[in-house]
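You will see chain A twice below: alongside chain B first, and alongside chain C after that.
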Partner chain A sequence: MSVPEILARVLGDPAAAALPAGTPLLSGGLGLDSVTVVRLLAEVRAESGVDVADLDLDLDALATIASLTAFVEAHRGTARPDRGLGRS
Partner chain B sequence: MRIGIVGAGNIGGTLATLFTRSGHEVALANSRDPRTLAGQVAALGPRAHAATAAEAAAFGEVVVLAIPLGAYADLPPEPFAGRIVVDANNYYPARDGRIAELDSGALTSTGLLARHLPDARVTKAFNTIHWEHLRDLGRPDAPAADRRAIPIAGDDAAAKAVLTDLIDQIGFTAVDTGLLVDSWRQQPDTPVYGAEVSADQATVLIAQARR
Partner chain C sequence: MSGPAPRLVKVVVWDLDGTLWPGVALESAAPPVAAAGAVRALDVLAGRGILLSVASRNPAEVGTLVESLFGDRFVVPQYGWGRKVDALRRIADALDVRLDAVAFVDDDPMERADVERTLPEVVVLAPEEVPEALDWPEFDPGPVTAAARGRLDSYRQRAARRAARAGFAGSEEDFLRWCDLRATVRAAVPADADRLAELARRTTQYNSTGAALPDGTRVVLELADRFGDDGLVGVAAVPAAAGPEWRVELVAVSCRAGGRGAVPVLLAGTGRLAATRGARRLLVPCRLTERNVPVRLGLRAAGFAAASRDGDTAVFARDLDPAPAYPEWVTVREDL
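After this line comes the complex of A and B, so read on.
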């Protein structure tokens, strides 16, 4: 499952999967609150095995949908997923 | 709004100043006789008066607790019923002694308070900010993005909305950490604890917390 698809699931809004990749995740964009960010990162970790919060100490990865997607793709395969089969 | 503040030290006293300056009526209490607060409330002006802890709780629609964790047990639960309680305290084992439920993570320190005040609408805020920053860094005229963030938590969404508005009035911006069970994310030794950061930065630091 891709980052935009995970985002759509967390937000409960299928249309979110088609948002422009440059959409900011926080203020000036989707305005995700910390509770939602926690859920999003947990889902990303479960799906991809990439623990964004653990790997990106500044969390620049959370700037936009594109930056989070790029970060996850760059780190796939470096950690074991919580469940299921990881993708390489 | 009528606000009770229990604890007249650095955080409690600073909040009394900020809230009276914002036009709120404040009842300020400490653990001793209210007469010991005469000088402090006189300096706060006509919107403030001294009270016992029970009187401050009865007075306030919002009641801030800025007292050591060990002092909770002395609070009478009855006058806090229905009140929006704001827990500004932290669990410091060196000061408060070891509490097994908190050490194990089975309970947050604010969860412990909520158990003592079962009929109160308990929230957590002002526990991560140094009191001098609370005193000096509020920018009521600045847009939210330029303000320092104050993490808040609580189970009652309406109570958190009131708290968010109060934080806005004194020049900061509230960032929602989640429910009381999530409030460990803003306890001591987490990334957001003590951090001088914007709301966006606080949001990611809260997400980054580990236990």
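After this line comes the complex of A and C, so read on.
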């Protein structure tokens, strides 16, 4: 599942999958609230194995849909398999 | 290093028929009376600052009956024929709490089993288990402060704020300006102690390290807007406030304030205080969990960037020359 598809699922709005790639995720764009961002990152990790919260300290990947997509593609397959599984 | 804080229930969601009253209300000739002990349990929970809600397979008109029996004790009640797991998700969403802070009370073993299986993080109880559960640590938030008792009002204010936001066409910043957001940034006083301990303990999304509140210099934030007064909603603690680098060992902000830029305002105030005392850099260690991503978004908005990483903690830093300015969408009264 691609980042736009994951975003659409998290937002419960299929149309979100077709948003322009340059759409900012936070202020000045979709304005996602904190709960939604946390859910989006959890879904991205579950779908792609890429733990953005762990890998991107400054969360620059959350700038736009395109930047998050690029970050996930660049790290897909490099994620450590033991990450994110140890939740109690 | 202390262990993880025990989880705390912040919302208890109740079934109606067979739970809050005997029998099936809409199938009865006479209106039901509240189940023995139900009102007392609701009042005990509310007195501890725990929110109450309803998930019932009834049409919305049952809401009139709920109000006549229980007044306005319940927030965001969910009526309808859908699964209760979806109702619980909607309630958690609307109140901005995680599902592991939700408890669910239902007399129907099938409903309880469905929730237990689908949402294992929810505390699931039969009605007869409630009196005992009130003594469990999950239901004991510690010293209950005025802010906790007022939490119900505060969530109502937030619901009003959200509704206004949904109907507002401008940017987030324009909306906050329209809300007439007012902040007080000041040094903590002894009377704040209970509220500060509660903030350190209850906050998760906007909590930098999960540590107990350190002693030392504490900068606190109060927030108010046109919807109401939230009181003390944030703290930044600097145990050793001296030298060229100040290290903020804990940032804790209530989730009901976090979405309104509370972290940047609090850290701007802390940075300004540090700068006046000659510090040149402000450091904020922060645990790297998915759960507290919101506090990191706040750090980012406040001009911080990661400076180093050690395992699951990173240190975020920003220079204090020039001293940080407050965001222009908030009116700040500074008393440091």
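Observations
In the analysis below, the second predicted complex is superposed on the first by the 79 of 88 C-alpha atoms of A that agree within 3 Å, B and C clash if a C-alpha of one lies under 4 Å from a C-alpha of the other, contacts with A are read in each partner's own complex, and residues count from 1 in each chain.
Note that contacts are C-beta pairs under 8 Å (C-beta built on N, C-alpha and C of every residue); 3 or more make two chains touch, one makes a residue touch a chain.
Quantities reported herein were computed from a predicted structural model and do not represent experimental measurements.
Of the two partner chains, both chain B and chain C are touched by A:53.
Looking at the shared chain after the overlay, A:26 reaches both chain B and chain C. Counting the residues of chain A touched by each of chain B and chain C gives the higher count for C.
By the document's definition of touching, both partners, chain B and chain C, reach A:38.
The residues of chain A shared by its contacts with chain B and with chain C are 26-27, 33-35, 37-38, 41, 53-54, 57, 59, 62. On chain A, the positions that touch chain C within their shared complex are 26-28, 31, 33-35, 37-38, 41-42, 45, 51, 53-54, 57-59, 62, 84, 88.
Of all residues in chain C, those touching chain A in their complex are 4, 93, 96, 171-173, 205-206, 255, 258-259, 288-291, 293-294, 296-297, 300-301, 305-306, 309, 314, 316. Residue ranges on chain B touching chain A, taken from their complex, read 144-145, 151, 175-178, 182, 185, 199-200, 202-208, 210.
Of all residues in chain A, only 26-27, 32-35, 37-38, 41, 53-54, 57, 59, 62 touch chain B in the complex they form.
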